[in-house]
Amino acid sequence: MKIVTFGEIMLRLRPEGFLRFAQADKFEATFGGAEANVAVNLAQLGCDTAFVSKLPAHAIGEMAVASLRKYGVDVTEILRGGERVGIYFIEKGMDARASVCVYDRAHSSISTADPSEFDWDAILDGADAFFFTGITPALGGNMVEACKNACKSAKKKGISVCCDTNFRAALWSLSDASKTMSELLPLCDLVISNAGLANDMFALGVPSNGELLDEDGLRAVGEKLRERFGCKAVALTQRETISSNRHRFSGALLVGGDFACSRVHDIDIVDRVGSGDAFAAGAILAVSEGMSAAEGVEFAVAASVLGHSIEGDVNLSSRAEIEKLARGGDSRIVR
Amino acid sequence: MKIVTFGEIMLRLRPEGFLRFAQADKFEATFGGAEANVAVNLAQLGCDTAFVSKLPAHAIGEMAVASLRKYGVDVTEILRGGERVGIYFIEKGMDARASVCVYDRAHSSISTADPSEFDWDAILDGADAFFFTGITPALGGNMVEACKNACKSAKKKGISVCCDTNFRAALWSLSDASKTMSELLPLCDLVISNAGLANDMFALGVPSNGELLDEDGLRAVGEKLRERFGCKAVALTQRETISSNRHRFSGALLVGGDFACSRVHDIDIVDRVGSGDAFAAGAILAVSEGMSAAEGVEFAVAASVLGHSIEGDVNLSSRAEIEKLARGGDSRIVR
Amino acid sequence: MKIVTFGEIMLRLRPEGFLRFAQADKFEATFGGAEANVAVNLAQLGCDTAFVSKLPAHAIGEMAVASLRKYGVDVTEILRGGERVGIYFIEKGMDARASVCVYDRAHSSISTADPSEFDWDAILDGADAFFFTGITPALGGNMVEACKNACKSAKKKGISVCCDTNFRAALWSLSDASKTMSELLPLCDLVISNAGLANDMFALGVPSNGELLDEDGLRAVGEKLRERFGCKAVALTQRETISSNRHRFSGALLVGGDFACSRVHDIDIVDRVGSGDAFAAGAILAVSEGMSAAEGVEFAVAASVLGHSIEGDVNLSSRAEIEKLARGGDSRIVR
Amino acid sequence: MKIVTFGEIMLRLRPEGFLRFAQADKFEATFGGAEANVAVNLAQLGCDTAFVSKLPAHAIGEMAVASLRKYGVDVTEILRGGERVGIYFIEKGMDARASVCVYDRAHSSISTADPSEFDWDAILDGADAFFFTGITPALGGNMVEACKNACKSAKKKGISVCCDTNFRAALWSLSDASKTMSELLPLCDLVISNAGLANDMFALGVPSNGELLDEDGLRAVGEKLRERFGCKAVALTQRETISSNRHRFSGALLVGGDFACSRVHDIDIVDRVGSGDAFAAGAILAVSEGMSAAEGVEFAVAASVLGHSIEGDVNLSSRAEIEKLARGGDSRIVR
Amino acid sequence: MKIVTFGEIMLRLRPEGFLRFAQADKFEATFGGAEANVAVNLAQLGCDTAFVSKLPAHAIGEMAVASLRKYGVDVTEILRGGERVGIYFIEKGMDARASVCVYDRAHSSISTADPSEFDWDAILDGADAFFFTGITPALGGNMVEACKNACKSAKKKGISVCCDTNFRAALWSLSDASKTMSELLPLCDLVISNAGLANDMFALGVPSNGELLDEDGLRAVGEKLRERFGCKAVALTQRETISSNRHRFSGALLVGGDFACSRVHDIDIVDRVGSGDAFAAGAILAVSEGMSAAEGVEFAVAASVLGHSIEGDVNLSSRAEIEKLARGGDSRIVR
Amino acid sequence: MKIVTFGEIMLRLRPEGFLRFAQADKFEATFGGAEANVAVNLAQLGCDTAFVSKLPAHAIGEMAVASLRKYGVDVTEILRGGERVGIYFIEKGMDARASVCVYDRAHSSISTADPSEFDWDAILDGADAFFFTGITPALGGNMVEACKNACKSAKKKGISVCCDTNFRAALWSLSDASKTMSELLPLCDLVISNAGLANDMFALGVPSNGELLDEDGLRAVGEKLRERFGCKAVALTQRETISSNRHRFSGALLVGGDFACSRVHDIDIVDRVGSGDAFAAGAILAVSEGMSAAEGVEFAVAASVLGHSIEGDVNLSSRAEIEKLARGGDSRIVR
């Protein structure tokens, strides 16, 4: 499978270990962003992947490009120009102390790019799938248009469109997100979302009492999304935050008439950021390969669970590792 | 509120991560000490704070000063002179392996200072509260006298005196501590203590069976302390050590006729040292602002719980973070 | 007690923290190997220990030697020569992600040494015990012969022979291991093994249903091993892998007619590698000092539990620390 | 002396050691900016200093504030608000490889601040001197106005105004700089500049043949600047770049009728950034204390030379250290 | 230009900073090897490059692959299999203390590969040049044959063959090298060598008195090599080792009838390893683009000089940076 | 040769790289002290060495012991007890910025030991030489007596006594040192000293004009020392401090009627501390092996020069490396 993803890749700056910002005199410097993460994750799973974005023509922009090339992502469609690389600062939480993320992404090259800079018919040539998330249109009106152009080009070419509804309150309001995403999701084949977020963003009305949804609830969210947007498949996650370092995580997959929930994983967390993207990559692979809902959701959730155990935004797990966990797992040392 | 704290600040040397001393070829170098920690903690909460001590007039002494100034503590009343900065080496335990602390604090500048060097009437001018712990008088006879002088000056000025009974077996015996603290606590308005320690040090006779005290037991310790020393308020902690990295922690607050216990927190620990000082700072703020016992104890305990999640002696939590946890907490990532 | 251990010491290269190999640009460099670990562990417990091996005559070989000398192991019987130091790369797992070990130990100096290079009668002069594991003979036919020579020399001198059945699938098959170990274990006084491994390797036929053995099962394994190989004592471990960072661990000891199981420890892991060697060292000391089975097994298991909490292959715990845990433990900070 | 400085403080991100950006996965994170550096440098020399700027109200902004407070700079006049902290990435050159600086400072809080936010009459109350550099007005028109307001307020109060002509080609053209600085320098008492830059920027017409100026040339630059702008004193630097790690550095000072050149220092460099600010701080102190030109220029140049030997933007040298070097120097170990 | 290089890529392990092996508990882990370095260097210069080798199918092998992919080298022709990644340990010297290199490269996957595994006609399809060094045939007889096969395939296709005579005394004797290289060099178009090494290895008889060669001597070496092996161009280096951290370096280029020597550079060294490969890459580009001897040799030498200033084996310099230095250089900070 | 050395070993705490104390939040932790350094240096040269001292019975004391054992020094005569390990903080200078050393060594276990704790007749049994420096008696009156006892015991046994006059102004005055050393040196066979220091301390009256001594001056110092104290041999160093990182260094040796000066080395420094001890170790070996003055002084000076290139107090150079440099040196990479 060849997949093209489109969005922003940011410089991620993190104090070492559990240090707070106030204590740091060093930052770990990696790169991430939902769509770039999915590109790397799928490359790890053996797919051909290309990431489309815009980065400034300077050394920090080149660092971002190299971070993708290292893991085998095709970077030839990344434009050079604009002013800056978006940055996010992240402080890792622990126990009752929440992780803190400070965004410094305004004015980035991609957020100020012109939609006409992307020749989607050429970019998507030969691709099987196109992926973006709710973050890309949140970067500004130009990016809404760029996403629409991409989706339409994909549609025209018969390329599967996949979208994760990712919502960033720092970029836009829930109502703006709802309005824009409601225009984009009808162009999508696979919709991926946190179940609670989808319920809120699109006012699906599935009763939740502020608690996690049960299987019926998840199925209801999935079916309502499918009905609302006419997509072929819906992949959902649920997360209970026991503490910063302990989460409970599960998912659901609705594909055609097939629906399944995964088992629930109790997770000791290394790095939670990007774990939703690990799920998205797993779900895209599962749906594109025609796995059953039961098999697919366990695969996507296992990908995400392993993603929580890895530093940085990207899920450097192999397909074999994910499949081992999806089948039940074995965490004895591999010698 | 303006508060003055008085005691020793030490250089704290720690092997990286979970390394034992025998494995270390590097030490993390920070500074701490109960009264200095409380000064920083209260500065984080928005109070004016000043730390009084004595440090040698050399580069390591200046590092200690700068460590306080960085967090906004007034350091103008720190004397320069004497021989050395006290040091403590700390090895972080894990699971069944206990943390190990090696003290090298004898002959420090503050422990050999003369009581007459501190002009308390001037130092305390404009302050609302004065704070010291049982460690300062344990540094030697001169410091007992200095503490008494400070308390008497505060009393004279109508400044609230707060004391944490902190006991260091490496510095003196329990009976010596009991005798000296029994002279100092009658000068205090707010007494802060580990409940079990207070029970033992002052032979309060609250039945405990070697176990944690229940609400009645905590109330009994609080009331007996108040009765014994005539203080206005008592703040107590309790801690169950499951393992080096997992504790259960709670507190109680008796203020006037108002008594309350906090809920019990299960804690995954980053750094346990200084967490008692985080409670003390929280309790001082709670009492000085006239919070109810129930509100105040949850605030002070939340401060301590967050203190466990932060590297180093000081609790770099904001008032908003503490209040969020006191109200129930939410450890989802803050974007 | 003076003990001689014989085997390979390897350079151990580990990415920092929880980084995967793909993310690493630095390796922590330590040295380890089952028999070298036991030598260091017993030196920590106050025994005279000597390690016998062969290492190349270059700077990396000298690093290995110095790593032992630092902890008081006698290194004068380590031969110099041959081609290389064996290496193993280890990536620390977390949660559902398993640790990964990549061996690069072929062609090491010890694996290509000639049995005649070791003059066991001289080497073992004055020793009370000799120790090797199932890894040494797995290094190749020469090492099988060397182990036999050593055991026979020890037998002749009345020196106690101790062997841990350690099995490395990367070095040989289970059936080859079974065949060779069946020739070596009859020369041993103390046999140490994972209970399930012994059951499988020697087809002991103790029913297990794939689950951990209960007390009867452990006793059966111990007695069957004793019966099969005629050894005086058998020490067994059992481990349940909840996740990469949480294990349940216990042991059993059969010495003469005395049998006992230890209590079961729930462990939060720092570094699991070498924890079996910590058990072996504890068991050797327990048996050599004539502890009761109950006391001995709690000691050996406590040694192993503490070994899990320490970075690197070797268990840098003191006898006092192990005894404290064996008696029940107390993980409060030691000031 | 109390001095107020005004400008931008940026987050400075640097790969470790001599790594190029392409090799980095960590950045050293410090804070710097010409005017902030001068504030810290003068605080090290015993002056009361205050830094005026605007920073966003988030954790990274607080890091910048704490970096100044740590070294004793008064931070109470730093406004909070706006969008972001300016950033500059710096890669340390070596030998023939030049250092590389990538600026990401557009849209910073200070560059977008409104001149009316600064109440200069209040801010400068009690100050003896005011300092800014050519970088502050280069941040945009608002900052030109803010600088003018500050200078006029200072003039009105009889406060000495000091300005370093610092030119940043990334911010504006030489002709724009010339035009704006020509409006600001007439408000200044002490003008500090690189001699060659001043010659170029203000077309002073001192013949230079592209080489370093001799004493006559330096005197000519100083006198022409004084004549052009009517300032009381001029401090000049000259630098010959042998390689990235070896420079030759000297200065000149014209104060009233007194003129002197310093000796020339051959420097092995640790960190060149901020060394001009070290000279500026030294020159300000020298002029404000009425040192002779000869004494003053040796002091200012010595400050700069020591600044080259210190990591980071700020010159953490004491007055005693600078004076020792100004008198001739002695680099034997100080025990 | 598209170039294919062929050889071994090794894991390079280096103690941090100037630590000796005996002091290290960490190794910086990078990857390098003459031919891999040249591939990366040419990719930095804008060429299409592919590296051909064999690496084991495990995580450490993948690290080597990713290290090349990160910098844009085509890795699709790297075979997977065999036993191990070759390793070299390098300790950085300083002043009078020489750098020390310990090789552990025997039995590597490439050294034990079969010549038939490489289908050169397919591999070289579309290439303009092929590059190898004297290290590849030194890995063993199979690699001599593989190099010959590659050269012959290149010849047949009209692809330019470039070879650096790199000699490794740890792999073979000078006479063996001389014999084998004398068979391979007649297949080459561009021969690159240290001048003194070529003089010795091929007994060229250019008088040298153990000193560096002057222009006539360099010309003689170049012409004798061309005459002996019939190559079109010869590129030579000369190096005077003042101390571990200071070298003098220059080169010469003979291309057709055009001969030129470069100026001599005095170098303060960051990392000397791989600087010869930087020269080789520069020479290949210079010759392939038809630069004059004078321009070409300054370019190649400038590439090498910059290579000395960069940590690790590869020369992460851009074409613009090299050209700037070739034209004279300017090591002022690039803002 | 077996040599016993006697003195203090301290914990050495150093900020990383060129950071000043004010910038440090980490200290490199090594151990050193003149006599301990000489013990390690001589062990590196193949001698049997034992270090005699007293250290507290806690984990930091054990770190000091292990630091010696790692390099093969016999530590069995180190007493345990007393209060603390002496500490020195060292900040590495650069260029015109001098290194700064802050001592915190008062009250250390060795400085407060009782002379009667050392049974010199037993300790020196089997030794060929005994070594101490002027630092040990400077620790206090008890240590003067201990040194005398040791020297007398050595004399009685016919063991060669070697002493370096090392002077520490932080411990005593030059006149006190002169007086005490004048009592101790008559007991010595080999006196080692900085030439200028000896000239000053013992008022030898060799004219120096504040400059380095020429050969005649060095010879005069040597002969006057021999005459004054009746020793058999005198080894002298001279050092010109160009800057913190560049020194010129040479030595002289007078042994019997044989006198020689070494060549002068220009040194680029990694770590200057302990380089005098490297000279002392070289001189002891040279004299004890009966090298000629010319050979011996080049050996001792070469040892010291290499010592400057190595981090930490001890000279981890092999005899072969020192001899290579003594013969002229070759700093090309050793492959």
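To keep things simple, chains are lettered A, B, C, D, E and F as they appear, and every chain counts its residues starting from 1.
Following the convention adopted for this analysis, a contact is a pair of C-beta atoms (placed from the backbone, for glycine too) under 8 Å apart; a residue touches a chain by one contact, two chains touch by 3 or more.
Being a predicted model, the structure only gives us computed values, none of them experimental.
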Rotation in the CA alignment of chain D with chain F, degrees, nearest 5: 120
Fraction-based call for chain D against chain A, same above half, different below: same
Distance between the centres, which are taken as Cα means, of chain C and chain B, whole angstrom: 45
Chain B and chain E, separation of their C-alpha mean positions in angstrom: 62
Residues of chain C engaged with two or more neighbouring chains: 17, 20, 22, 25, 66, 71, 100
Partner chain D, residues of chain B touching it in the complex: 66, 69-72
Chain D residues touching chain F - in the complex, by the definition given at the top: 17, 71, 265, 267-270, 302, 305-306, 308-312, 316-317, 321, 325, 329-335
Chain A - residues contacting chain D, complex: 13, 20-22, 24-30, 58-60, 62-63, 66, 83-85, 87, 89, 91, 100, 102, 104, 106-107
Chain A partner contacts - residues on chain C that touch it in the complex: 17-20, 22-23, 93-101, 103, 168-170, 241-246, 272-273
